[in-house]
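Chain nomenclature is as follows: A, B, C and D, assigned in order of appearance, with residue numbering initiated at 1 for each chain independently.
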């Protein structure tokens, strides 16, 4: 059973998370959060001191850059190697961990869990992403969402939640999908289904197009069909679903919006991390 | 490419389906629908004549009883063996086909497709099932659904669609699920999530409990927690999710509602069959 | 302040109401409910005994037929005159009271309040009426409501609530209204607005037409435009919104559904009576 | 019948409006829009030339400041007196017209119509105001709206539309109202009703409070009950519903958001103006 938790690095979400974990009576030790003074916390002098006796270690999201752990509130850098050495034999939960780090960790008998890959965390984060997209859509257009035609490309987690919210605001929502089952779900939820083969001939209808597909769907040929005064929002990570050169060329308003949950609603993101950790804790019991 | 379709047996849904297929200019021949006079159709004198030159054969849902093909509109019986013999080497689409019939068909080089197992058909049918459940719920209670506490057991296809509709009517919807991901989706869609471990202690809250889980969840112990004036509706096929003996013993109002789509909305069911067939036709092209 | 309540006559809703009033510690005396044995209650031997010392008298909904108070659970009749004589100088709350009874009551210094005319009660009852209409619509059609085109005539209380619920189930809802403001609200709530002048040319689009307007809107000329396999539900009281002769002539399926709240959800209706009484009690304090 | 329309002054909404009126084949003359070059239009040299033969004159929203007509795109000022002199005997439609101007206009036989006071325009504008409020709410909080407790003060036009949208996004919406009928409607629409007398004891529950009531509701005493990390948005015009001094004193995040429709969605606002003008034109026929 998890009793002592070591927290290393992290941003404002991590600080909110610590508050919640302390309410649940876990024993917390931290390192790499020295510059945070919003809440009192047990700050250790060394990494070793921090991980000593910990049942689980919680690292940042994203875990690291090329060399160092993410520590915006820390007053010294923590090398990836240093972290791995200290975490030897333990369970580590962090987010967006590079594949090679996973492998290094394995060699040191570290059980590394990427929270960002947990399905339930991804579903919950889709809520925050959808709200961020709605804020952008209201801000960047001179029309209401209500009564307007909005196309969502892709019917995965973000597509599903966003479609529901936009319909809830009163937009006329169409969703593009490839699989027959997704098309059936789109009908069941009351959106207009657009099959991939019919995409091009339908593009001219939409005032706002929001992409959630992680590869380029809107090339020159497609962009030529889009209304000149439409807004395209891309929520997919690199390379995204829209040809950047061509969208600029076409003169269509374009917003590439990444990592919305941490920006739009860090407190809720921390709650979602907490809920996911609760599940992880139960599983590692 | 599919041009000629042979239709054998079937109920009112099949007749509606024939109307739609004729609108799409398919060449139709039928057998086992002799007593239907609502629409004109090409009725063959023999099974052999009917399947002659057909690119695909459409059989009934459900396909058969112990011995015969389902032919409520036919004026003579068609033995399963007879059907298989006639269909040799062809593609057959029907519904709820027994496993042993699949095997016999295989021996005769028949490609047998069970439409009821098609995911998109099952999703669309969930819409009809949900509406049927709503009708029962309004009819069998002396309270409004609006403002009432309703628990759905299981968050599969029917659970998802039913939860959305009940929320749309204004009920306070809770959904029970086991998987963390389902719990996350239940939150995302704005229902109250109930984890299986917490089910028993929550059961007393609900005026209506609707089961969609295909094994017994509500045993004596659980039923004792349910309100005496609650309504339980079971949508799961045999054995269902409710211990029949115990629910009677407990004196709780109970409705076991099976095969709702065909009963509640045969015309829409036919449309869903048509949409699924369109997909099957594309795949067999 | 209301302490002692006298209940005279009434149906199953009245009995539920008594349960709720007793929970609130009111002192209750009853007359004309002799045959009820579902809950224990203080049954008086005479009308005079029942009203003695009462701060308020609650009568039935509807209040009476031509001669007698409505007492389905009573074992003797109570004449209107007899009631008025006994209630002299008191406050009486009942429902659907005839105008001439109001006047007679006034002469006896009775303050007569018609609960059915209270705006908040009418709004709440619209919820029950809407659910009843939905049950009928599911039952009487062979198509799903989901995805279907439904027209509501009139955008008053029932129109508003019904439109919301039908949209919540997934129907494509159009609402007919005359006033510019109603048309604006219909747009704001995301339904298709149909102005009265455009009604005739739009009627052919709908699978289900539900009338809430209390005068005949659908005459022969209009009915000729309606789909032959449509369903028309009339929720308006006499004369209703549909020419009965002509709808029969036209061979269109027609259901005239009156007084749904008491039939569909008597328990909820009693709750709504209770909520309205709470408001009346506050006002008479 | 309206054929020739004279447009005097106005902002970007007026320009969009001209586009729509020209599509409808009205003959347009303009004055006070000299600096606009986004669309071609018939620009007159003098006010007199512009109004000559016009069936109706459309002025700006708001109509004027202390002395001059609102002409952000004009290259000279137009005095109120000058406008009134020129409009003698005509119908003028403009917005937010001061009472004394109405009276002056009357003396010159001008029929002055304030579009902002048209009920249908106000309803439609509520849609834009609600979207603007949602954008602010997402932006100014570090939590999601989804799953959060939001209180709306007042259940008028903006309150109704905003409540629906916030519920559509997945927020838990409570609405405060005074009238019994409004409380009934709040229940019917599925929000939590808060009666004014119960407001103070409930204020601590909400993460976001949005006021739509045009007089001060939240004084010191009320603000002391509000969560320290809540967000208060005031949508009511001067004096608004929140004591400005006290909210600052209390250290609660506060946004006073006025005139959102023109800012958030000028194009849709122009469409709403057009729809309202269509109604006015019909009435003046």
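Odds and ends about this structure:
Quick note on the criterion: contacts are C-beta pairs under 8 Å (C-beta built on N, C-alpha and C of every residue); 3 or more make two chains touch, one makes a residue touch a chain.
Quantities reported herein were computed from a predicted structural model and do not represent experimental measurements.
Subunit A and subunit D touch with mostly matching residues; of the residue numbers seen at this interface, over half occur in both copies.
Fitting subunit B to subunit C on CA positions gives a rotation angle of 180°, reported to the nearest 5. Subunit D has its Cα centroid 37 Å from the Cα centroid of subunit A.
We define each chain's centre as the mean of its Cα atoms; on that basis subunit B and subunit D are separated by 50 Å.
Across the assembly, subunit C contributes 127, 146-147, 164, 170, 187-188 as residues in contact with two or more other chains.
By the touch rule above, subunit A contacts subunit D in their complex via residues 127-128, 130-132, 134-135, 138-139, 141-147, 164-165, 167-170, 264-268. Across the complex, subunit A meets subunit C through its residues 146-147, 170, 187-188, 190.
Against subunit A, the residues of subunit B that register as touching in their complex are 118-121, 123-124, 126-127, 160-161, 164, 180-181, 183-185, 187-189, 275-276, 279.
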